[in-house]
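Quick one: this structure, given as structure tokens, is what I'll be asking you about.
As written, the chains take the letters A, B and C, and residue 1 is the first residue of each chain.
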Amino acid sequence: MATITLASKRRRSGLAAKQRKQALRTAAFMSPWLIGFAVFFAYPLISTVYFSFMHYDGFKPPTWSGTKNWTYVFEHYPFFWPALRNTLWLVLVMVTLRVLFGLGIGLLITKIKTGTGVFRTLFYLPYLAPPVAATMAFAFLLNPGTGPVNSILEKVGIPAPGWFNDPAWSKPALTLLALWGIGDLMVIFMAALLDVPKEQYEAAELDGASAWQRFRYVTLPNISPIIMFAVVTGVIQTMQYYTQPLIAGKVASGVIQGAGTQFEPGYPEKSTLTLPQLVYNLGFQRFDYGSACVVALVLFALSMVFTAFLMRRRGGLNLAGD
Amino acid sequence: MAQVLDKPVQVKAPVSAAERTARRRSLLEWIAIHSLGVAAALFFVLPFVFVLLTSLMSDTQALSRDLIPHTWEWSNYKKVFDTPGFLTWWKNTLIYAGLGTVLTVVSSIPVAYALAKFRFRGRNLSLMLVISMMMLPPQVVIIPMYLFWAKQLDLSGTLWPLIIPMAFGDAFSIFLLRQFLMTIPNEYIDAAKVDGCGDFRTLLKVVLPMARPGIAAVALFQFFYAWNDYFGPQIYASENPGAWTLSYGLESFKGAHHTDWNLTMAATVLVMAPVILVFFFAQKAFVEGVTLTGVKG
Amino acid sequence: MPEKSWKVIPEVSRKAAVALAASASLALLATSCTGQSSSGADDDASKNTTINFWHAWSAPNEVKAVNSLVAGFEKAHPNIHVNVVANMTDDKINQALRAGGDKAPDVISSFTTNNVGKFCSSGALADLNPFFKKAGIDPETTFPKAMNEYTQFDGNRCTAPLLGDAYGLYYNKTAFKKAGITSPPKTWSEFEADAKKLTITQGNSYKQLGFMPNYHGWESTTEHYFGQFSPTYFSKAGKSELATDPAFEAGFKLQKKLVDELGGYQKLETYRSKLGDEWGVKHPFHTGQVAMQLDGEWRLGMALDAKPKFDVGVAPLPVPDDRAAQYGKGYITGTITGISAASHKQNAAWELVKYMTTNTDAVVNFSNAIHNVPSTLAALKSPKLKYDPRFKTFLDIAANPNSTTSPASINGGVYLATIQNFGYDYESGKTTDLKAGLKKTAAQIDTDIAQAK
């Protein structure tokens, strides 16, 4: 009896030791991210919630203010709802157009037989341009008075819009900029389109399907996961849309640090406001850190909603797969 | 007779009408597709061309509606280079992007490996958390992070608040690497274990060499993310011109040269060019990396 | 199947607990150490020391002028060396002041006069009143009235004026002659009439526009218009008087009338978007596209540099008909300078501020170099001032006791931006009920200020 107990004890402790060793190993490998997660994600998130209830201007110590910041942002801050509306516009229009255009360019590229490499490189290049540089270039090109685009349009006789200076055209101008940088979506769609099994096309052709029918019944079903991926990541990117609208507004408004007032975002007429810009405006221009945290939490909530949607839609994500 | 029949005679088969129509249609198709391609190429390339042309104009001409410079002012580029701080911006951007990339890759690899190959409780939870972090806009946590770096550690006015976090893994890189590492067959790893290698040596000697394309893709993405970053330097480095990066400096440049569009466009070219050059040398890794995110997983 | 080990299950929750505890303690740490430690002025200004001076000027001639100004100071105070940094706009200065620490500047200067309220109330800049008292300088008799007004907030004088800007009327003398106008308009009614006379339409646009009234038109902002109406922005209790002071209503109505009479908002806005940049060579006044321009004193130098094909005239802006006797006044603002409250070298910093803002010769030389209005009464009268005779108009405006400015407020220029945004809505016809709009805007201003307290 004793020997069996001893042996089984040794086996059990051996097992426990092995598991402990494995746990340590996992912890060691995961440690960089674990620390990063705690310090750069969890802690600031809790802090943001905390500061959203405080009044803090960066100089005097923070004081409790309860729901004052929340009431201010939702009811009195004149930029909050326009920014939300703009986000909605961008999600509905810019993301949709990007996905459609990306698919279109991807299709085009797969059909180009001569000089595919050259075309692909040219189509991809704009995506590489740093956002600040690209936005400034477009602000210059689309300058209603002195830009080349309008001068060409007018020569041809087409009424030239005010682009970044016209509240009705500023978001379309930003969309144009986003379409110019379609390279990333083009590559994804291109890969997906090339992945469609050729046999399915051949089978459809034998059945007498037209080009459109082939597209609708063979191509689309095969690439629909990619389309979904492009839509959801597009929405998530829209949540983070910061640099381009800010730079476009700054450059187009021509507001220089001259005598008098500071630059309020969203030129022209709040049409280019986005939520991330509000965090900057409230936190680093108005020095109302509390309200900035309120907007930050709204941004967080919106992003998490779409992240959850992405994760559910992508199903496995190879979570289990080994 | 024999000589004539030596060489087989090629007799052209008569072309049927249907074939002719089909050939004409495919020719028309070719023309249509390639015209569309050229039109698209113009859309993508013309802005670069205009920017380049404007960068070579004189001060007054840049404000006019002319499209072609009258005089080719290559000196504009020299003026931009001589702008105080321009070379500093270069140096800072290289440090931020270079050092940041190295730190990211080194710290993300073990995490990605664990998520790909280890089985442990909390793996799925960790993976979901990684994805959540990927989707998080930086503005959500910027206030406490800024207070932490500026007030606690007195590191504002430097790029350290941006570089140091990269030593703790980057969610996007971790995710990408994980997807890639999962495609490496377990047999290699098992073989290494049998040979007596510990987990770390297995990773180093066996897995990493096979993961080179994935690592290259991740490195490139991280490099460009840091190179193009505007928000980060705006928050942390703005008060110290000695710490500015190219993105932030470019915007400041426009502020200081309100209407010198020719100089601003020259500066823009100088900021865009290196990225495009690196791309030309690393095309394959790039495209593979983008494909990894979208198509696989 | 390996049996479940209790040591492994809580691993994740253990890690989570540790992470949570760490975050909570870090959060507490962050909040406890967020105050600014004030350093006080306890340094010895006669010892060798180096101070940092950040300013916002960026044009090459301006930067040169600042450097000579500082060089003059260093000559007079050889033991104090100054590190000058140019092109430091407000966002950078604000952040540096808030971050504190050794890299922060000791002396700053900013174009955004509206930030004085923020700087003073938050304690970012040191109160200069004790320094002035110790040096025996009375700001009230040293600086022009309006400049004293915009450099302090709530009894705290945390800034001093470092040259100023005055706004007046530029007019195209040649176009005036052609239109048969003999002298610049003194009242707004005369101005309206002149603007119409000087407007020559061409198709759907203009060959020459008498005046660009739109609020986006470079310097035709709400506060510059209203300056002529002597408005009271805030009551003694700190509430916005936008809806109660008739000056505002009159100002908005005037601008709207100009917009409607000169062609309507849309036509004017389309024309404006095609006009040249404010700081460029093709400024519409320089090219003759606009015959009258509301602008600051710097425009004279720029206009003459552009070698226009007409005679440039300068005059004070018109006044409301019922205040005709006040003609000659204008809107004043200017660059402000101050000492960072976190600086360890405040006495040395004060020597620099004192020199730059009160040393008559220094102020005069600086003003001559960048063509801004001198900021001391003594400098305004100095025979060493070099200026184009037309520039004298601005000197007179600056010295005029009726000249106005916009007061400091606790949240800086937010209230002005709010008023301006309402202006955009009103001029474009988006809002038609002026009285209701003013009430709503005043309420917004009050709410924003309450939020900032």
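We take it that a contact is a pair of C-beta atoms (placed from the backbone, for glycine too) under 8 Å apart; a residue touches a chain by one contact, two chains touch by 3 or more.
Quantities reported herein were computed from a predicted structural model and do not represent experimental measurements.
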Relative to chain B, chain with the most remote C-alpha centre: C
Centre-most chain [mean C-alpha coordinates]: A
By number of C-beta contact pairs, the top two chains: A-B
Where chain A and chain C are represented by their mean Cα positions, the distance between them in whole Å: 36
Centre-to-centre distance between chain B and chain A (centres being mean Cα positions), rounded to whole Å: 15
Whole-Å gap between the CA centroids of chain B and chain C: 41
Contacts with 2+ other chains: residues of chain A: 23, 37, 39, 43, 47, 146, 254, 256-257, 284
Per-residue multi-chain contacts in chain B, two or more chains: 63, 120, 144, 147-148, 255, 258
Residues of chain C whose C-beta touches two or more other chains: 8, 11, 15, 26-27, 30, 34, 89, 91, 95, 98, 276-279
Chain C - residues contacting chain A, complex: 2-3, 5, 7-8, 11, 15, 18-20, 22-24, 26-27, 30-31, 34-36, 56, 89-91, 94-95, 98, 111-115, 118, 122-124, 165, 221, 223, 270, 273-279, 296, 333-335, 411-414, 416-418, 420-421, 424, 444, 447-448, 451-452
Chain B residues within the chain C interface of the complex: 59-60, 63, 120-122, 125, 144, 147-148, 150-152, 154, 156-157, 238-241, 252, 255-256, 258-259
Residues on chain B engaged by chain A in the complex (per definition of touch): 30, 33-34, 36-37, 40-41, 43-45, 47-48, 50-51, 54, 63-65, 67, 107-108, 110-111, 113-115, 117-120, 124, 126-133, 135-148, 165, 167-169, 174, 179, 182, 186, 199, 224, 227-228, 230-231, 234-235, 246-248, 250-251, 254-255, 258, 261, 264-265, 268, 271-272, 275-276, 279-280, 283, 287, 290-291, 293-295, 297
Complex interface listing, chain A residues touching chain B: 22-23, 25-26, 28-30, 32-33, 35-37, 39-41, 43-45, 47-48, 51, 105, 108-109, 111-114, 119, 121-126, 128-134, 136-138, 140-141, 146-148, 151, 180, 184, 187-188, 191-192, 195, 226, 229-230, 236, 239-240, 242-243, 247, 250-251, 254, 256-257, 275-276, 279-280, 283-284, 289, 292-293, 296-297, 299-300, 303-304, 306-307, 310-311, 314, 317-322
Chain A residues touching chain C - in the complex, by the definition given at the top: 12, 15-16, 19-20, 23, 27, 34, 37-39, 42-43, 46-47, 50, 56-62, 68-69, 72, 76, 78, 144-146, 162, 165-166, 254, 256-262, 264, 269, 284-288, 291
